[in-house]
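Take a look at the structure below.
Chain naming follows the written order as A, B and C, and within any one chain the residues start at number 1.
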């Protein structure tokens, strides 16, 4: 009852506001497809909804959970094919260009010029948001993927040193295991396997090799001794994972670190949200460190919304408002504070952010200069979905069988040819 | 009274030259008109879409459909795909086990329930209710029960059998069997209902005669009752096969196709490649392979059974 | 109940009866266990769940999870629980069930009493078509609905469910009407009754058992469907299965198992209710010949 009265009031207010502003702007409706359905993420998106409604537009939520976007992508394709695409959809990485090629995206250059997006976004970010030089998407955040989340208590109890190289990792994992703890908290899902492998590969092979292998898909880099060594190191990590890891959700693995059952987890910075929600503070209860061997390198994952060509003028107006709202400091700050990532927009005050985010932000800029800023292939930032899927298959099969590193490297090269 | 009036009318009608009025023509065409929409719908939305999928399997469609012919490239790619063969093998294993277990359990429970049990209705509700649940619900519940650390294994270990393991769900070699457990749980109730109905419809006199002849009950069951349930076996098989082939929600909810892709089925393969990996052409090829296999098994079966019914 | 002529395998012997009852009870446990787990988890507190094990009884019973699942759980930006989605599902399931049952009845009637050349072939074609996996039809259906102008609407969703339910409803009614003696229709025809009259006056009154079977089956299939619901609806009009998926498969935050289980049971209540209450009619209808062959 209360809710419908509230809605009625809001509608009345919106109506009044829009009537008042009708001379300047028309009130449209934005339909936004996303899969941020849990409490914390939903709160972040709700911020955007608030901002938009304050501008006099309506927000039509279109949430589809499951598989990190699998279901949402199916729904999106069906909607586009039926001729009624939503206003915006949560799509990132090279997929943005694939959608652009289909000719269904709208041109956001007018908004971009007005707010100087080119000046506010690093080149590596803005290039992903463009198709053939025109803006078709808006970045929401920048995630760092090559983090290692550590419970210092567990290390102390085991008498182990927090590793900065993969050799040190093997030693530390052994000590932790002997002390009765689980060394690495992990969930045996393909994307998690790939996330761990990606950090391992970066640590073993360095940023240059990483780019050649996973961005350029160079066969000689893929089927190489470095790749074999990466897989061999992955085997070592695998020995430190508990046997119940299969199909475990990532946040349950983080819970193991929070509760002191496990010593470390290799996961992106969205894990920080779990620590914060459990009331833990960085530096004391947990430590965020770059994964072994990846200090100074930054694996980025940028969430973004692509915008579809809309038919009515009202809808276009609302869409423009949505695009500009996303880039505004107010939204960038609130959203990223909730989500654990850093703003895509540069030049923002990081005062409200915690130490891990501040470190992240600093490393983001320094790694760009030292050419160690690499896209996360496990999160769809480096290669087409078909190749990424094929590589997932190789990594996950490696983790679930006794495939040799040599065979795995050969399969990675074959996977790169997937179309 | 009515018949005499219509007999008169009939006599009158036949006396006059039989002229077909518009109403008569419509009346004659009515069966076709009534069946028409269903047929049209079936042709367009089933066979038409199958043809569309078939066309796509010969193109290089990636994210959205493209219609230029590209030869057998997708099929070649499909047959070279490790994961596809895992899915095919899983389908064979899963369908045969699933159908067998459901038929066996269903028949067993039907025979048991038919033994003049008290509280038959209550027990029957218990066996039947899983059918009412959606696969998401089933998958969620069983995922938890079969989880080694949290579920059944832990309970038995806590009861004292500390060496007990039941890790089928997380074991790549056994994950597909875990799917069978959950699937059989969901669908055998329906088979039970079918067999119970069939048992109740059997002619008592045959059984009486056999008993007079001195045959024992188990023998009567084996030689008379079970064979006379043949049509029910057929119906149950068709429905179970249909569920097995379409098993998508259950696998997604229970194992996600994992660990790795060890419990993948063609339906989940097609979904992953067609929609997530932007390889619609390959997904279409896998769908065509799936449907051709189904046709190869089901069509001869239906044909022979329908012929048999017509004769018998 | 039919007159069972001493058909029991185990006669009055106590051992035999014990075996029979024993097996039945064992099987009943296998079937009830998940429901028990779901129910008991849904009334536990989160600490209780984490501390105890699956089968343990709740330390204290609380219905908070149920209240949350119904009216305040987050299924997207809206955190208003499953309440709205419940009624969304009702709004398209009821019409779809009624329409597909009606058409199925007419089809079954035609296929058994007004046979014409090729009608059996048509039936076979219809049956084979029911094996098509639904993932295959998503994109072409989306395109077709777009062309027809009913994309992303409740009528579109009803249309899709009717189209793919026709094979089963026709099967049920056809198999049932096959056992209705031909003489009934023939006599009526001689009396001058036409197509619709025979259906209305003679066939329909005989049909309640099979109508019940058909309605129960269709209701279950359509209510529990996820794929069509997620693809062909959006936003506030999403069915309850989609909302349940959004609730249960969230990727961050603490997993609230008790809310998940409560939500799953809420989503299953209508179909569960039907099976518990109308289960015997279901069996009766099947006995009357729904799927005799």
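Please note the rule applied: contacts are C-beta pairs under 8 Å (C-beta built on N, C-alpha and C of every residue); 3 or more make two chains touch, one makes a residue touch a chain.
What you are looking at is a predicted structure, and each value in this text was computed from that prediction instead of being measured.
K.L.:
Touch graph of the chains shown: is it line, ring, star, complete or other?
P.N.:
Complete.
K.L.:
Compute the centre of every chain as the mean of its C-alpha atoms, then state which one is farthest from the centre of subunit C.
P.N.:
A
K.L.:
Does A-C or A-B have the larger number of C-beta pairs in contact?
P.N.:
Looking at contacts between chains, A-C has the larger number.
K.L.:
From the mean C-alpha coordinate of subunit B to that of subunit C, what's the distance rounded to whole Å?
P.N.:
14
K.L.:
Could you state the distance in Å from the CA-based centre of subunit A to that of subunit B?
P.N.:
40
K.L.:
Residues of subunit B that touch two or more other chains: which are they?
P.N.:
65, 271, 275
K.L.:
What are the residue numbers in subunit C that touch two or more other chains?
P.N.:
139, 141, 245, 248
K.L.:
Residues of subunit A that touch two or more other chains: which are they?
P.N.:
Answer for subunit A, listing residues that touch two or more other chains: 66-67, 74, 77, 81.
K.L.:
Can you check the complex and tell me which residues of subunit A touch subunit C?
P.N.:
Residues in contact with subunit C: 3, 31, 34-42, 45-46, 49, 59-68, 71, 74-75, 77-79, 81-84, 86, 249-252, 255, 270, 273-274, 277.
K.L.:
Please output the residues of subunit C touching subunit A within their complex, sorted ascending.
P.N.:
Residue positions touching the partner: 74-80, 138-139, 141-143, 145-147, 151-152, 230-232, 234-236, 242, 245-255.
K.L.:
Please output the residues of subunit C touching subunit B within their complex, sorted ascending.
P.N.:
2-10, 20-21, 23-24, 27-28, 30-35, 37-38, 53-55, 103, 106-107, 109-111, 114-116, 119-120, 122, 124-137, 139-141, 144, 163-164, 166-167, 170, 190-192, 194-195, 220, 223-227, 241, 244-245, 248, 257, 260-261, 264-265, 267-268, 271-272, 274-276, 279-280, 282-283, 286-287, 289-293
K.L.:
Could you please specify the touching residues of subunit B with respect to subunit C in the complex?
P.N.:
Within the complex, subunit B touches subunit C at residues 2-3, 6, 9, 27, 30-32, 34-35, 37-39, 41-42, 44-50, 52-53, 65, 105, 108-109, 111-117, 121, 123-138, 140-142, 144-145, 150-152, 154-155, 158, 185, 189, 193-194, 196-198, 200-201, 204, 207-208, 211, 217-218, 221, 230-232, 234-236, 239, 241-242, 245-246, 248-249, 267, 270-271, 274-275, 280, 283-284, 287, 290-291, 294-295, 298-299, 302-303, 305-306, 309.
K.L.:
How about subunit A: which of its residues touch subunit B in the complex?
P.N.:
These residues of subunit A touch subunit B: 66-67, 69-70, 73-74, 77, 80-81, 95, 98-99, 102, 188-190, 243-247, 384-386, 388-390, 393, 396-397, 399-401, 418-419.
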